[in-house]
Amino acid sequence: MARNKLMSINEALDLINDGDEIAIGGMSFHRNPMSMAIAIVKSNKRDLALVDREPGLAFDLLTISGRVKRIRAAMVTFEHFGIAPGFRRMVEGGEVEFVEDVCEGVMAGLRAGAYGLPFMPSAIALDSDLVPLNVKRGIWKVTKDPFNDQELVVVKAIRPDVALVHVHKADERGDVEIYGPKYEDLLKIQAARKAIVTAEEIVSEDYFRDHPERLTIPGFMVTAVVHSPRGAWPTSMYGYYKADYEIIKKYFDSVKAGLSIEKVLEVFTHG
Amino acid sequence: MADMDNVIKCMARQLRDGDIAYTGLASVPAVLAVALARHWGVNTWFINVAEIYEPEDFIITPSSGDPYSLINGRGFVISLDAFDLARRGQLDVMFFSAAQVDRRGNMNLSVIGNYEKPRVRLPGGAAAAYLYRRARRIVMWLREHSRRTLVERVDFITAPGPTKQGPHLTICTPKAMLEFDHVSGELVLTGLFSGVNIDEVINNMAFKPRVREPLSMLEPVTDEELQFLGRLDPSGVRYL
Amino acid sequence: MADMDNVIKCMARQLRDGDIAYTGLASVPAVLAVALARHWGVNTWFINVAEIYEPEDFIITPSSGDPYSLINGRGFVISLDAFDLARRGQLDVMFFSAAQVDRRGNMNLSVIGNYEKPRVRLPGGAAAAYLYRRARRIVMWLREHSRRTLVERVDFITAPGPTKQGPHLTICTPKAMLEFDHVSGELVLTGLFSGVNIDEVINNMAFKPRVREPLSMLEPVTDEELQFLGRLDPSGVRYL
Amino acid sequence: MARNKLMSINEALDLINDGDEIAIGGMSFHRNPMSMAIAIVKSNKRDLALVDREPGLAFDLLTISGRVKRIRAAMVTFEHFGIAPGFRRMVEGGEVEFVEDVCEGVMAGLRAGAYGLPFMPSAIALDSDLVPLNVKRGIWKVTKDPFNDQELVVVKAIRPDVALVHVHKADERGDVEIYGPKYEDLLKIQAARKAIVTAEEIVSEDYFRDHPERLTIPGFMVTAVVHSPRGAWPTSMYGYYKADYEIIKKYFDSVKAGLSIEKVLEVFTHG
């Protein structure tokens, strides 16, 4: 019944404008939207901003692409490999602005954005040194609970222009199944003005009628569907494939060694 | 046997029957501590950033967020639900590490040096600015017991230390155990690994902690426990 | 053929290709309006209080919240998600009925008479105090076109009428169609069922609405449409 | 591993104290916790308060039981049968206090309760006549968005003492599956200090390990599990049985006719 949202990765790329704020799906080395991230790196987009809570490979790759001017996250780690290498290089070098948030702040901001509310109360500790910094940045405020006058931090709604999420299955209407861990991906899709999903499999009209309990995201929340088998690789896709830590380690070493973005991309083409 | 195995055992000792425990990213030692406590028969609920609820087994990878690393769960519990639980005051144990922790229990995962022009840009504190205050008990591990990590005043307060009201904070290092004392509002030395000299512990800290007598003697990991940890983490990610 | 079939057709006419529409409790006429519009080929997204997403078929029961009444859905979309969608300004059509609606479009589902000592305690407004303002378009049905339902001033404002900014409000009654006029801030008469006299419409209202010329002639339900509605609702719940 | 939470309905009843506020699961004539509601009616509990968004049969039955002094809801309807008969009789007669809320208020209050936040912003229309009433009752406040100074209604957290939810499957640890419509039942269970679930089926330890995607509620959120086959009857249990509208109509007529609670209960025993 609904409009066919199936498109190529280049058509989906056209939905992203210079200056857009982009929410990245997945977490750490898991279910990252790698195929879209690589497409953006190879595009001529400019002045992008990224937002995520605990981002990983896709976020770090975009950070060193030259297409991103600002990033916002609660922790940017390559876990037991070390601090995310592109993040460290670009932020220490002052080439990318880092808005240091906290899990509680990103979750609260995404909830407010997803729920169509202007802000969300939080339990952020008032005496963290991040409070004055993020109040100054205009994303947090210290205010009082109107019922008992106690001070608390409230977080302004995050409404990204675009969300990029890699999923297990989608139909051409945009109905989506994500199997297993979801992270904040549903909030990101709801909060964003446009949601681009890349899917391991495109399923027929009948799939969700036959398995209604598998619907994770209804089609009216989704702007574009791109068929992208192994689109999370080398990050993991639960139920389909594991993370390829050798490739991730190669990426880590290449960025740490200061290689150019073109050279770094070769890590993925020869994977 | 490396220092981290003892640290993991010290962490595991903090878990009790009935606890709901959560582990975050870059937290393989915390996952192994939960696994070790369960191996001893401690009856905990386990939720985690990988969102695999109550896994039956573990195969450690370089990511504690790896859903393939936590085997045969009873379902998926997302981090939003875990954080809501903590905000309601029902999360018993949260694990953290830090680049610096100070006398007052403040922790730093943001920067070394000046915030605007840091010498090292650290990854950021993730959940700390909130869970470090809202979990009932915090178990922290430090890979290094040194003047670099145990400082008089952190360069940046990513998360402020406990208040007199809570939470309970225990720090496990390769040499000793420190706990936050709610009366003095400071970290106190409460345990030593056998064979470690108290002066060696204190001389390797940038502040001089009070000592809570009698100091408990921390048991080093046994061969059987080491074998257990080695089976779960054959490539030694815990030592990275 | 009963009046309600015409009302349902008037409601169905308000739906357009691409609309996301939601129906609440006690709303069998709204469910049938969505079904009828889809029967005509109007391409809408349908979410509802029964939480059955995009049902393929319908078997009306006394509850529009009955998940067995909406057949062969594509999944489950909970009301929280639907309400969030509306708060983001993305819900196109919401259906309501009311015990009273007044000149300004205010609606009452709370009490008849005094609030503290009501003559009739009505069920309450459910989503109205919010969705009546936040959906893009409101389609309201009234079972009765009378001075009792179309009042000068509601006894209680459960939900305030539209503002100059929106939403669009259309009211379908057994005699006519009224719409909220954003310039005058009042309901205006915009349509009549064929065979109904304009004086009969206005004399049966407690306020005198302006008339937007040319008045549209509302088509009564056809035999085929009646048959369609009868197949979905053989026991005639829509007439209750 | 966890403590066995399986108990009889009478043991579960002991978890409810006089004066408790109880959140009722399900909606209208669907997945109501009927077996628990009937047990409470037959008990000697006193001064209970009920809260739900769009309650139905269980809520109405409790309202006429004499055990309830206050109810809070957004709409109390028997849908195409008419206004809920016990609600109308008890509220018009002044025997039960009715806190008239709205969907937006109950959802916001339950979200705040479930999220451990003191309050939640809302989109409740400022010029509804309910605003001054609920501000006076202390459950809403009119305040300003700290980021842009616009007025809005904020809702105080709802933290019921007990949530009663009927579910499809549960194991003795309290792990729960609800199939199909969920309403706000997850929020109710999270927001409540105690959660009592009645389950159509008790499943073995292995069930959720074999079907991890079927877990709706993890066991640590649940206080008690009661095996209660057909525990929602005569309301519907999606996937198991349909609503029995004849019995519901009999209930409606009995209450409208002013029959005693003992007589009304016979509707369910002879069903």
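Just so it is clear, A, B, C and D label the chains in written order, and each chain counts residues from 1 on its own.
Note that contacts are C-beta pairs under 8 Å (C-beta built on N, C-alpha and C of every residue); 3 or more make two chains touch, one makes a residue touch a chain.
Everything quoted here is computed from the prediction, not taken from an experiment.
Each step here moves to a touching chain, and the least such steps from chain A to chain D number 1. The greatest centre-to-centre gap from chain C, using C-alpha centroids, is found for B.
If each chain is reduced to the centroid of its CA atoms, chain B and chain C end up 57 Å from each other.
Rounded to a whole number, the gap between the C-alpha centres of chain A and chain B is 28 angstrom.
The distance from the centre of chain B to the centre of chain D, with each centre set as the mean of the Cα atoms, comes to 40 Å. Residue positions of chain C with contacts to 2 or more other chains are 76, 87. Residue positions of chain A touching 2 or more other chains: 116-117, 122-123, 180, 212-214. Taken together, the chains touch in the following pairs: A-B, A-C, A-D, B-D, C-D. Listed in rising order, the residues of chain C touching chain A in the complex are 18, 20, 38, 43-45, 47, 53-54, 56, 72-77, 81, 84-90.
Remark: chain A residues 112, 116-123, 138, 141, 143, 145-148, 150, 152, 154, 156, 179-180, 212-214 touch chain D in the complex.
Chain A contributes residues 1-3, 114-117, 175, 190, 208-209, 212-215, 218-221 to its touches with chain C in the complex.
Listed in rising order, the residues of chain C touching chain D in the complex are 25-26, 28, 49-52, 61-68, 76, 78-80, 83, 87, 109-110, 115, 118, 120-134, 156-160, 237, 240.
Within the complex formed with chain C, the residues of chain D that make contact are 27-30, 53-54, 73-77, 79-81, 83-84, 87-88, 91-92, 98, 100-105, 107, 122-125, 127-130, 133, 180-184, 187, 236, 238, 242-243, 245, 248.
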